[in-house]
Each structure stands twice: as structure tokens, then as C-alpha cells.
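Next up, some structures in C-alpha cells.
One chain, subunit A, appears in both complexes that follow, with subunit B as partner in the first and subunit C in the second.
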Partner chain A sequence: MNALLKFYRRDRHISRLVIMLAGWLIFMAITCFDKFFSIRNFPTIASVIPEYGLMSLGAMVCMITGGIDLSGVGIANLTSITMALFMKSLPDETGYVTPWMVPLVLLMAILCGLCAGAVNGTLISKVKIPPILATLGINQLLTGIAMVITNGPAVQNIPPVYSSMINNKLLKVVPGKRGTVSGLIPVQLLIFVAVVLLIWFLMARTSYGKKLYMIGTNENVARYSGLKVDRMLIKTYAMSGACAALGGMIMLANYSSARADYGSQYTLQCILIVVLGGVSPTGGRGKISGVMLAIVLLSLLEAGINRFPQISSYYITMIWGAVLLLVMVLNYFAENPIRKRR
Partner chain B sequence: MSEYLLKAVDISKAFVGVQALDAVSLDIRPGEIHCLAGENGCGKSTLIKIISGVYQQDAGYIEFNGKRFTRITPLEAIAMGIQVIYQDFSIFPNLTVMENLAFNTELAAGRRLVNKRRMRTVAEEALSKINFDIELDRLVGSLSVAEKQMVAICRALMFDAKLIIMDEPTTALTRKEVRALFEIILKLKEQGIAILFVSHKLNEVFEISERFTIFRSGKHIVSGNTSELDDRKFSYYMTGREFDAEPFRPRYEGGECVLEVENLAIEGAFEDVSFRLCRGEILGITGLLDSGRSELALALFGLRRSTGGRILVKGKEIAMGSPRDAIEAGIGYVPEDRLSEGLFLPRSIADNIVISEIDRLTGALSVLDFRRYRQEVEDWVRALSIATPDPENACSTLSGGNQQRVVLAKWLACKPDVLVLNGPTVGVDIGSKHDIHRILQRLANEGMAVIIISDDLPEVLQNCSHLLIMKDGRIVARPDPGSTDENTVLSHML
Partner chain C sequence: MKKKFRKLISRTEFYIALVFLALCLLIQLRSGQFFTPNNIVDILSALVVPGIFAVGAFMVIISGGFDVSFPALASLTSFVTTKVLLDAGWQGGVWLPFLIALVLGALLGAFNGLFIGYFELPAMIVTLGSSSFFKGLMQGALNSKQLAVIPVGMRSFGTSALFVAKNVESGLTSRMPTTFLVLAGVLLVTWFLLNRTMFGRGIYAIGGNPVSAHRAGFNVRRTRFLLLVYVGMISALAGLCRVCMMQQMHPTNMLGMEMNVIAGVVLGGTAIIGGAGTLFGCMLGTGLIVLVENSMILIGIPTVWKDAFVGALIVIGTGISAFQVNRARRAGLRNVRKGAAL
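For the complex of A and B:
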């Protein structure tokens, strides 16, 4: 019991998220165990998470610097559209495309994301545009370019090898419908986990991580301490751009098509996840573990609600908003205990 | 009418676990200038907040004008004529002088519509009370600190004040401005207003006050007439320790020249500044706030780009584009304002100490070597005797003196050849000030070149081997600190 209490106190915010998550799982277990805890449900959830999970990671690092990145969706869509067009130009007369082009395309996508993010970072650090405006502007610009390129409709008929590779599920043990075999671990999830580990490592184990938190705490002091603040910001926004671009590539695989307005709800959703995960909107505070928990909590909420046929999926947005506000209110009372007034 | 305007008797106040005030008493006569002195954290501010009704005491009572109170609300305090001028003045920077002055009366009268003409009359009247001359339409945010303070004083006077409490009013003022402030205080005294002047600066206590009260760690130590107080007694009452100020005697021999500054200039700030600095020397640079001394410091550290002249470190010209360039050339800079320039307050003491040299504590792929990191932190906490149970605690848990040691540690960890300190002991208690001076002298004697930029004349005279006096952006004198006195230096500065 004491050990539990100690664990709770070590990071109350994260502990509360864990409790909410556990509570929700128990609720789902009581109400519709069979449908929710099915071996097919989780791989499905896990293949959607990386779309906005990756963007949230980018939003997180930017918010830790005290800024914000609203350009994730724009970067994701423009990248996936250009990559989709690129892949469509690949097949020869026989229609064959080598599977080796998939890692190459992913690499190019990451490069696109890095470039777009670096532009964000440059606008913010060198031209001193407030992050919210700079990234919003870039988002509009990129979305606009994407619309001009596609004229609106989705880019379809990309080589099937791309989707089948990224949208694959490994560990094929589960018998699927009509005798096909489906797997447990989606490839998207592997990509996501790899990026999570990389960012965790950067933040917790390297000097880059320390500097990131310092800049978020007080940019002026960081400058006086000889940190190269401008370069740090450019790097960080570039990293965020790369995350968003990868997120776009996963959307491309999940939908087998790319469009200028896919996932437009993700922009704000990512910010909500990051704040829900305990990152301070003024910068300098927040952990990747909290953000991961927030991502899992929200996606399980969504997946759970979808199991109730009588509740329309329109309620999901409402419930998310309520959860976010609930956590913020809980935080407020945890940090400012109600004192007896004399 | 009783003898005393205000009597605070046996006031105690505890915050979670900390006894901030322990049965302290304070009495002020009508029309007197009373100085309340004590180190940071001695409970001065807590008492002010009790008198003005912001906090409530746990025990004791307050008598004002013969009326006894066990608790005062902020509104009662204002109604009785108690006005506090806090360090930040509590004025609205985005409004004009006129709006700031007239705001309260407009609100108090319950007016919902703005009448510029009426506001102007009210504001003019307020300014005329201390003959303060300023344009009413200027934005308060664009005023100097001294002007803001005057606006705050004028506003305080509008409420028919009987007692004005000034919380460390001289912190950010230049000497000239302090002069002007003191004149105003004397004028207020003539009008029968009592002043409670909170300060920890010895010379001010002597200069302005008639009676004084000194607190130490929440306890009342002594009250009396200022005429019976002297330097030694003052430091003793404040700290409970006796100090022997030791003048700096350079002991490091054969110091090579590490820093040469030739005709350095920043347009509009200073020009034609040249000096040489060798290992083992402490160079003092003094001057009024607008003399260009701070800009010079920023230029030496790459925070402002110079528009002319050269900076040479160990004979090599350095292009100072950023603080990183300065650090790599071997220059460290302890900034003027600890809170907004020196420290990451919410972050740990450990992080604050190592942040500037953090790239030296990494292995391949800039992975932090946590063993070396902890060792480094431990070494510096010990070397500068930073008083903390755990370096993982936030910097904000430290006192001003210890915070300043953390800033020092940060720079010493970078192993600089030249250490520039801008106001090294501003807002630091006497005990820590003494320790910091000793540390600087020791560093110089171990071969570091030190620059102290300060307008604390005893500080520069006592600790420096050379002295530059700046005025209006130029060096006007280079007296020998050993054979100069404060008045000579002052006459060059003004």
C-alpha cells in the first residue's frame, strides 16, 4: 500500500492518467467484455494511433520549448501527396514496383518534414514570429499548395505494395474472416514505437534534452548561458516536422490515398493530447510517458465508445473535450489544495 | 492622540512549517522616517503585508492612531491611510500616467463613463503634491524606474496617506535618482506623513532615517535612533556575525595579459573604451546607470554587437557574435539580473550549475555521462558551499546569496580565463556578499582575470586592483583603488 502511494506521489499527473485508463478498461470489461477485449480489436486501434501519435510527439517537443506547432497536418498531407504522386510515377510498363522503394520513400518523406519544420524554426527564431502564427501560416500555406497540386480530390491508385507493406500486421496467429490469417502487431505501430524510443532517448539521455527543457523554462537565461537558442529551436521544429511527415505517410498507407484535407481534426487533437499528457503550455515541463498515456487513453476511449452502437460517434469529440477539462481541473485542485478560509 | 502612529506588538506569523515572524514589534511615530532593515528572508515583507492587511497574523495586535486591531483588511488599511509602494509599484504599464493616477478615484466614485478632462484634473492635482513634472499622456511602460516610482508615490498620496511604506525603493535607482527620492521623502515628512523605509543598504539607513528597527530570521533584534548606529554594529545586528573587510592584495605573479580591449564602441551607448587585463587582476568598472557600463559588459560577452574596436583574448582577436563565442574564447559572464538572466529558477540546482558546460559532459552522440554530471555538481556545491540538502531541488528554494553562488558555479564550471560580473552582490545579504568577495579574491589569486562592474563603491574600492570610471559612454578616470576614496570616485561619476 505504501509503495503504491509512493508511486502515486512520484508523479501525480501520470498517476491520475493511469487511474483513468484503468477505470475505463474496467468499465469496458464490465459492459462489453467480448467486443472490446477481442484479439482483433487491439491491432486495429494500434494501426490508427500512429497517425496522430506521431504528430503529437512533434507537438510535444515544440511545446516543451515554450512554443507550439500547428503545422503538423499541413506537413503530413503535403508530404503524403507528393510521395503518392512520386510513387505513382514509378511503375514500369509491367506495373511492377520494387518493394525497396518503400524505405526510400519514407526517408524522402522524413527529409521533406525536416525541411518544412526547419522553415518553421527559422521563422520563429530568426524572424521572431510568434510560434502560433508562424506554424499556423505554414500550415495554411502547405495545405494550400496541396490543394493546388491535387485540385481537391484524393490521389488514389498508389502502388499497392506500399500499403500492403506498411499496413501489414506481423505475428500471424489470428484466423481472420473467411480463413485469411491476420497478425497481432501492425507495422505502423512498430514505426511509431521506434520514433517514441528515439525521442525518449533524445530527451532523457542527451544534452539536447536538457537544453530543450532549459530553453522552455526561460529562453533569455538560456541565451545568457551560452546556449545556441536559435539553432535549438530550428532543430526542434525540424524534428516535429519529420514526425508529422511520417504521420502523413502512415495515413497514406491506412487510406491508400492522400488528400489535402485528411486528418484536419488532428491539429487541435494533438495539442489536446500533449496538454492532457502533462506538458506545460508555457514550456519547460512535461514527459513523453505522460503524452504516451494520453494517446492511449484517448484512443481507447474512442474505440470503446465505438463498441456501443447506440452512441453516435459524434459524441467522441464531446467526450474528449470533457476529459481534457476534467484533467485540467483535477490538476488545478491538486496544485492548489482548497484551504480552509478564516 | 497617542505617541505612536503605528504600533505592531508581538506579531507572529507562520507559513507551513516556517516561523516567518516570531513575536516582533515595531512602532512608528507620526511624521517620522523609520527604517526597517534585515537580510532577505528575515520577515520584513511579511510584516509589511500584515500591516497592509494582505496577510493575517497568528498572534499579536496592531494599533493605528490609538485604535486597536487584531486583524486589518486591505480596505481598512487604505481607509486609515496606510499605503504600500511595492518593488514592482503595482501600476499599469499599458496605461498612461493620467489613467494610472485617476483610475482609483474613478473606480471609487463608481463612474462607468470616461471623462478625460476630469481625469486630467485629478492627475494634475496628484502630481502637484510633490511637484513632480511629467507629461500626463506618456505610457507608464515607457517611463524609467524612477519615474514609475514617482507615479506610484503620487498615487499613494491621493488617498490621504498617513503612513507610506516603501519596500526596497532604491533597488533599481541610480544615485541621482536616489537623491531625488530622498528629497521627496523629506518633503513628505514635512507634511506630517510617516515613512517606513525598508532596506538592507547600510548607507541609506544612515542617510535618511531617524529611527531604525532590525530583524533577523523573523525575530526583532534591535530598535533605536540611527545616530547611535555605526557600520560594525549594523552588520552585526543584521547577520549576527562580525566581519573584517579585507582589501584585495594581488598575489598572483607574472600574470600574462589575457584580455585587451581596443577602442571598443557601441553607437549610442559607449565609445573609445580601451583597457588591458592580466591574470590575477581584478578590474572594477563603475559609473552611473546610463554611463554605458552595462552595455560594455554585454559587448564583452557577445550579447550586443560592437560597432567599432576590437576585443583580443590572449592576443587573438575574437569576433563576438554570440555568448557561445565568448565562452569558447574563455570569458564568463555573471549577469545583472539573477532572476531573468542568470538562473532557471524552477529547474534543479544541478541543471543550473552544469548547463553552460553540458556539452563537455557527454560521450558519443552527445549522450550525457550521468556519473560525471553528478560528480561535477557535487564538486561545485562543495567548492562554493551552496547550502542545499539535495542539488536536485529547484533553484527557487535557495536564498538570494545561494542563488548567486549557483550562477558563479555555472561560470566557474566553464573554466574561464576572464570572469565578468555585472553587479555581483545586488540583492544579496551581507553574509553572502562577504563570502562572494572572498571567493572572487581567491579566484584572482589563483590566476583568473576578474572584472567587477558595480555601482557599489565600497565593493569596487575594496576588491579591485584597478578601477575604470565611466561617464556618458566614456572612460573619464582610472584612479588607483588603494589610494582613492568614495567621494573622489563619485565626483568623477557625476
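For the complex of A and C:
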């Protein structure tokens, strides 16, 4: 019991998330065990997570510096649209596209994201526009450009090799419909895990990560202690842009099409995930483990609610809003015990 | 005289007014249709709803936060008002809908105010959460659908006109809607509150520096709370005006307006970090955005460019504003250094 309490106290926020997650899993186990805890449900959930998971990672690094990145969806959509158009121009007369172009396209997407993110970072660090407005404006601008390129409708009929490669599921053990066997681990999840590991390494094992927290805690102090804050911010927002662009590429694979207004709810969702994961909105505090837990919790919540057909899916936005407010109030009381308040 | 002139050219409003005039002249030159009575009345009537929203967004920005929940709040209150009155078969005047909307707006505003004022949470994130909560409440719990019929009183109020402007050449006429009076009323009350009451001065003081405001004797928590209640009330008014003017209730078509409204307010010279800004500038900035949105066809730019255009306007406008703030700060520092040298 003591050991348990000690574990709880080591990081209260993460422990609270674990408890919420466990509570939800138990609730789902009681109400509809066989539908929710099926081996078929897992790959479905896991292939959607990376879409907003990647964007949340970007939003997380930006929020740790004390800023915020709301341009993720715009970057993701513009990248996926340009890449979709690029891929459509690839096939020769026979319609054959070499599978080797998939990694190439992903690389190009990352480059696009880096550029867009660098523009964000420059506006924030050099021109000194507050992050909220700079990224909102860029988001609107990129969405607008995407709208101009596509004229509104979705870009469809991209080479099937792309979707089939990214949508592929490894480890063929899951029994599918009509005797087919589908995989357990989606490729999307592998990409996501790779990015998570990379960012975890950057944040926890390099001096870059330490500096990131320093900027978030107090930008002036960081500046006077000799950090190149401007360059750091540009790098950070560029990284966030790259994450968002990858998220866009995964959306492209999941929907097999790209459109200027896909995933517009993700802007809110990413902020929600990051705050839920224990990152302080004023910067300087937060861990990737908390954000990962928040991602898992939210996706399980959504997947669970979808199991009840009588509940309209609109309730999900309501629950997310409520959860966000609730968590912030809980943190408020945890940080300011009643007796200490004025 | 010279001093007055110098003061004039140091203000952002002056430049916005110049841009505004230049744009008007450009449209007039390109189309010859701008300075016609009906076009001006059309633009003024398009200004009503964004204008009222802008006043609310403006006040929150002055107090040092961002409110992004007002479209969701307005949709929810106007939906509930219309629905309740339709179900009750209300045949009377328009005072009752306005009363209900005001009360509901105050309640939802108090919901925001509780979190922002008393729990001291960042306004931007609270309102992101509450906007998602309101949206979910409206579409999920209340199962909102488009209401094609609105109560008689509201219908006649929406179609009534102060006067009718007629274009002599083309014979087109435009009505000046009575709802314009609502905008005028909101502007008057807000101007009085901001400039002639302690409450209004408190809002500016909190935006400048909450700690100093507290030390100076302002009740920071209560001022923030009351501010959000007031903003909720005027947002609800804007929602109801929109329903009256459109002659139908559409639950989602107000959502997504927040970015353009905030962009307009910031363009009008309101300091993004809070504490400074004028109602006149706020209206000028909003007018600029409305002008651009409504006149693109007159200049011959296809409407798909709208988002890109507004996005660019946000980035450039906030960039100029941020640049000016920085220059002023640097100049201030220089003066201090000079003083120290003496």
C-alpha cells in the first residue's frame, strides 16, 4: 500500500491519468467487454491515433517553450494536398509507380512541414508576433492556399501503392471477414512510435531539450544566460511543422484523399491532449509520457463512446470540452491547496 | 497643431484608416460600384454581426486574454431561444427573445468567467474548451437541427428597415436593417463602460498588469468574471441578430467566425498583450475585414481566395502591430539608458 502511495506521489498528474484510463477501461469491460476488448478493435484505433497524435507532439514542444502552435491542421492539409497532386502526376501510361517513391514523398512532406514551421518560428521570434496569432494567421493562410489549389473538392485517385503501403498492417494474426487474415500492427503506428522515440530522445537526452524547458520557464533569463533563443524557437516550430506534415500524410493514407478542410477539429483536440497530458500552458513544464497517456485516453474514450450507437457522436466534443476544463480545475486545486490561497 | 499631428500619425488607427480609404478607392476605381448608396448600406448591414462580436472579443483582448468561444455561445443561445419560443408558439414582439438571449448569454458567460476569473486559468484555453462544450451541448444533448421558421416577432424585426437605399443607375435597392441599432446601442454602452466607469478602467488595468491592478485596489477576479458575463450577453445579442437577419436558425454557420473577428480587432490597433486599444480602432479593423470579404467580387478576385487573403491580412497586420510595440519598447529602453548616462 505504501509503495502504491509512493508511486502515486512521484508524479501526481500522470498517476491521475493512469487512474482515469483504468477507470474507463473497467467501465468498458463491464458494459461491453466482447465488443471493445476484441483483437479486431485494436488495429482500428491504432491506425487513427497517429493523425492527431503527431500533431499533438508538435503542439507539445511548442507549448513547452511557452508558445502554442495552432497551425498544425493547415500545414497538414496543404502538405497532403500538394503531395497528393505530386503523386498523381507520377504514374506513366501503364499506371505503374515504383514503391520507392513512398519514402521519398514522406521526406518531401517533412521538408514542406519544416519550411512552414520555420516561417511560424521566424514570425514569432524575429517579428515578435504572439504565437497564438502568428500560428492562427498562418493556419488560415495555408488553409486558404489549399482552398485555392483544390477549389474546394477533395483530391482523389492518388496512386493506390501509397495508401496500401502506409495502411498496411504487419503481424498477420487477426481474423478478418470472410476468412481473410489482417495484421495487428498498422504501419501508421510504427511511424508514430518512431517519431515519439525521436522526440523523447531530443527532450530527455540532449541539451536541446534542457534549453527548451529553460526558454519556457523564463525566456529573458534564457536569453541572458546566452541561449540563442530565436534560433531555438525557429527550430522548435519547424519540428512541430514537420510533425504536423507527417500527420497530414497519414490522413492522406487513411482517407485516400486530401481536402482543405479535413481534420479541422484536430486544432482543439491537440491543445486538449497537450493540456490534459500535464503540459503547463505557460510553458516550462510537461513530459512526453503524460502527453502519450492523454492521447491513449482520448482515443479510447472516443472509440468507447462509438460503441454505444444511441449516443450521438456530437457528445464527444462536449465530453472533450468538459474533460479539458475539469483537468485544468483539478490542477488548479492541486497546485493551490485551499489553505494556501489568499 | 504640430503636436496633435504627430500624435495622430503615431497611432495605429490612423494607418488602418488610410488602408481602409485606399481600399475603398481601389474598389471604386476597379468597379465603379463602391460609392453607391446600396453598396455602402450593404457593407454596413454586413458589419452588424461581426461588429457586435468584435466588441466582445475586443474587451477580452484588452483584459489580456483571448475569447474564442463567442460563436459557439451565440449559436447555443440563439438556438435555445428560437426553439423555446417556437415550441411555445410565441406570437408577440421581439423583446422576449432578446430578454431570453441576454439571460442565457449571461449564464454561459458566467460559466466562462468562473474558470477565467476565479480559477485564474488562461482565457484562450478555457474558451477553447468551453466552445467545444457548448457545441457538443447544442448538437448532442439538444440535438439541434436547422430551424427554417422563426417566431413572427423575430421575423418582422429582421426584415424591418430603418431606410431603403436605392442605386439610381442600376435600380438595385438595399435595406438598412433595424438590427444596426443593436450594434449602435452595444457600442454606446461599451464605450460608456470602458471610459466612464471604474469597471472599464479596471479592465484596462488588468490587461496592463494584473498584479499592479490588484495592488491598486481593483478586484481582479470579480472584474474578469463580470467582463466575461457582459461579453456573453453581447455575443448572445449578436447571435440573435444574425438569426433575425437570416430569417432562419442554422446551428453551425456561425462557427468559425472567431478568427476573422479577432483578426479585425487586432488589426485595429488593439495591443495583443492587452491593456491598450480603442473601440474606434476595433470597429475600423473589423470594417476592413468585412470590406475585404464583401468586395473581393467587385475587384474581380475569385471568392476561393478569401481565406488566403484574410490569413495574409492577419499575419501582416499583427506583424506591423508587433513591430510597433517593439519599437516603442526599444525607444523606451534607450531613453532609460540616456537618463542613466546623465
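Structure notes:
The working rule: the second predicted complex is superposed on the first by the 338 of 342 C-alpha atoms of A that agree within 3 Å, B and C clash if a C-alpha of one lies under 4 Å from a C-alpha of the other, contacts with A are read in each partner's own complex, and residues count from 1 in each chain.
Following the convention adopted for this analysis, a residue touches a chain if its C-beta (ideal position, glycine included) is under 8 Å from a C-beta of that chain, and two chains touch if they have at least 3 such contacts.
Bear in mind the structure is a predicted one, so any value in this text is a computation, not a measurement.
When the two complexes are overlaid, the chain among subunit B and subunit C that reaches more residues of subunit A is C. Once the two complexes are overlaid on the shared chain, A:324 sits against subunit C while remaining clear of subunit B. When the two complexes are overlaid on their common chain A, residue A:268 makes contact with subunit C while staying clear of subunit B.
Looking at the shared chain after the overlay, A:316 reaches subunit C, while subunit B stays out of its contact range.
Residue contacts after overlaying the shared chain place A:152 against subunit C, while subunit B stays out of touching range. Legend: residue contacts after superposition of the two complexes on their common chain; A:218 is shown touching subunit B, with no touch to subunit C. Of the two partner chains, subunit B is the only one that A:284 touches; subunit C does not reach it.
Contacts of A:228 after superposition: subunit B is touched, whereas subunit C is not reached. Of the two partner chains placed by the overlay, neither subunit B nor subunit C lies in contact with A:40. Contacts of A:208 after superposition on the shared chain: subunit B is touched, whereas subunit C is not. In the superposition on the C-alpha atoms of chain A, no part of subunit A is touched by subunit B in one complex and by subunit C in the other. Considering their complex, residues 68, 123, 127-130, 132-134, 136-145, 147-148, 151-152, 268, 271-272, 275, 281-282, 311-322, 324-325, 328-329, 332 of subunit A touch subunit C. For subunit A in complex with subunit B, the residues that touch the partner chain are 205-208, 210-211, 213-214, 217-218, 220-228, 284-285, 342.
Residues 66, 115, 119-122, 124-126, 128-137, 139-141, 143, 259, 262-263, 266, 272-273, 304-312, 314-315, 318-319, 322-323, 325-326 of subunit C are the ones touching subunit A in the complex. Listed in rising order, the residues of subunit B touching subunit A in the complex are 56, 303, 322-324, 326-327, 333, 335, 340-347, 351, 355-356, 358-359, 361-362, 365-368, 410, 414.
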